[in-house]
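Have a look at the structure that comes next, please.
In this document, chain identifiers A, B, C and D correspond to the written order of the chains, with residue numbering beginning at 1 in each.
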């Protein structure tokens, strides 16, 4: 197959995959109306596939996904891309192992973010998926590199695939867009469970050695090989 | 097309649009049973299209929507109009830029309203859509102009398209009925997130200058042109 | 039509109606698994139609509804009736204007019931439907008349169609089974909203004169004539 | 029928039953993504049928269920079994009356588990199904017998079919897999209701004698014979 035919085929597959993955966000209550988005890197190319800006979840199709370069400029697509494209493009530029990024305003996670508090690792599910607390990133607003930088600086030295951007929302990363969606779903679940636990007292901490063992096992043994 | 044919066509379109927009209210958990309603102005006419009183959401059709004048009198339709028709007609009379009004009893927003507290602007989503705190209006009951006046007096000098009427519920306005529905959905999302944040501490305020920039961008750049 | 044909026709209609009304209970989150039930009086007869005991909501059909007399004995039907049949039969015997009874374990309402607290009337929706606070009834357990007596003694002199039975759940009454379902839906909505309001401070009371006016209007003007 | 044909037929039936029972877990909000699982004992054989590890709920079919022996080794099936298989196999070995086991991370129950607190028996539903408080088991992590031992040691002398494993999640047992699913659903409902009750005060205790009578009646009279 020619190189051009190959990238065309990859884009067709990723447009479809990214469009479909969006359905998890409203289904799990992570977004309302048109907020939030999913993107995926086009492997081997300086390109990403991302949600169009301000389009309703039930109107997303492979055709209205937008292909951008890693500076956030539209390369293919008839719609304006997500207003988070620049932030996500920054993440893809700086973190070459990242294959997918998700952004949500899921309510329990944003509650922690509004107080600028990280979520302590007090459930085995949090140890499994996040390998420790879910960290908070800086306050940063749309319009320049500051959101992207905040994400990268917070996650670079963390095992967590999720960051709570202060007063704003959740960004998650993963080797694939699906893995980033999973991290967004689990981030809200952990945020809610620990919120509920703290409402009536203090959760019992989990020792670091157990957190390490749980994280290692979940990353390397859980699931199908 | 004759003027009469034109208004008939517009009414047909708006009856359908308003009937369909109602589906968002139960889907987002903003109403139970027959509570709440959506209305739309008939552009260029002293008319509105509104929900019939006390009819279940899954029984709403274009045919049972009610057309009223701006004094709340039925002009076309076989059902009694929403008991909020007078309040909404007042809003349409006094605020010519309003094309749609929505009323809900969404639970987190009503919790703020029952305490008579406005919702502080501590998330970027609140800055985006409401441009500041979501304000509280006076206690007012059905039967005269007092609800309508309370809405107009509260929203006239606010950037917020939503008001929490004390002990009662939410009224939102917009250039279209769809925009008012969106504001109602986001109002509950913000009410819930800030409620959750406050349960475990104090949310971090967002500086006014950032609120202004976020509001400006969301109103003017976000979405498709 | 003969008297026998008439009662047969009425039973056919009520079996279908009661079976269908049950769908609102899980849809509004008022029950889990097989808990809760709806019943209706057979007008002009000493009979009621009620849910079979321990049958899942998605398996309810007109055919498996159970017809009992007002002492709770099965008159028609192949299943054992709801374990709340005796309590409900007592209510029908003592309150001749009651045409329907509903029982749920809806979570926010049961939270008030577990503390033995009535729900204060601090929202206009509560004034509309309940005409004042939602009262608490005594602790009473299955096995004799005590639940039925507790319901009747609490509701006899109240405008509220709902009672929170201490440590147990909600019973609602109405002129029809549908009206009792509506009261159960609104009871949970009010219980949740006032719970949320109280979590972050004190709700503002509504003056009795306004409660009276709201109740009067909602009972006599709201809806279709 | 030959013994081999008989076990084959039983496995076909249980694969289908266990696959279908899983649908209750996401429907009741007890799990997210691929977390949680249901298993059933193969009556008369040292075998269990269990969920494959890390497979999404909407992809579960009779064919991808896994058959294991009571040491957790795969006997039939093309997938790796749930990472909780060893814990569940331990329960089946030690508790011969157990026919089904369910594991969830349902949020309100995990909130109690994260604080290491048992849920007090303050609702009649809790008395009915659990016969007393829902107990907490020890902190234990995947990798040896410790989870299984913790479940068995906690439930052996309890009337409760549910245990909250500290910092982790819920395990329920029952004579059948369906009964264990029911216990998991009711455990979360009780955990939520009592959480809500405690947020605004102290629930009223239920006397032991009433708990005993409710438990006895629900176990022996409720439902169809």
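One rule holds in what follows: contacts are C-beta pairs under 8 Å (C-beta built on N, C-alpha and C of every residue); 3 or more make two chains touch, one makes a residue touch a chain.
Values in this document were obtained by computation on a predicted structure and should not be read as measured data.
Counting one step per pair of touching chains, how few steps separate chain B from chain C?
Graph distance in the chain contact network comes out at 1.
Quick check on chain C against chain D: do more than half of the interface residue numbers occur in both copies, making it same, or fewer, making it different?
Interface between chain C and chain D is built from largely different residues.
Mind checking the rotation angle between the two copies, chain A and chain B? C-alpha superposition, nearest 5 degrees is fine.
So the copies are related by a turn of 90 degrees.
Roughly how far is chain A from chain D, centre to centre by C-alpha average, rounded to an integer in Å?
About 32 Å, centre to centre.
In angstrom, rounded to a whole number, how far apart do the mean CA points of chain B and chain D lie?
45
Two or more other chains in contact with one residue: find those residues in chain C.
199
For this structure, give each pair of chains that are touching.
A-B, A-D, B-C, C-D
Show which residues of chain B lie in contact with chain C when the two form their complex.
The contact residues of chain B facing chain C are 32-35, 52-55, 79-80, 83, 105, 107-108, 110-117, 139, 141-143, 166-169, 195, 198-199.
Flag every residue of chain C that touches chain B in the complex, lowest number first.
28, 122-125, 182, 185-186, 189, 192-194, 196-197, 199-204, 206, 210, 213-214, 217, 221-225
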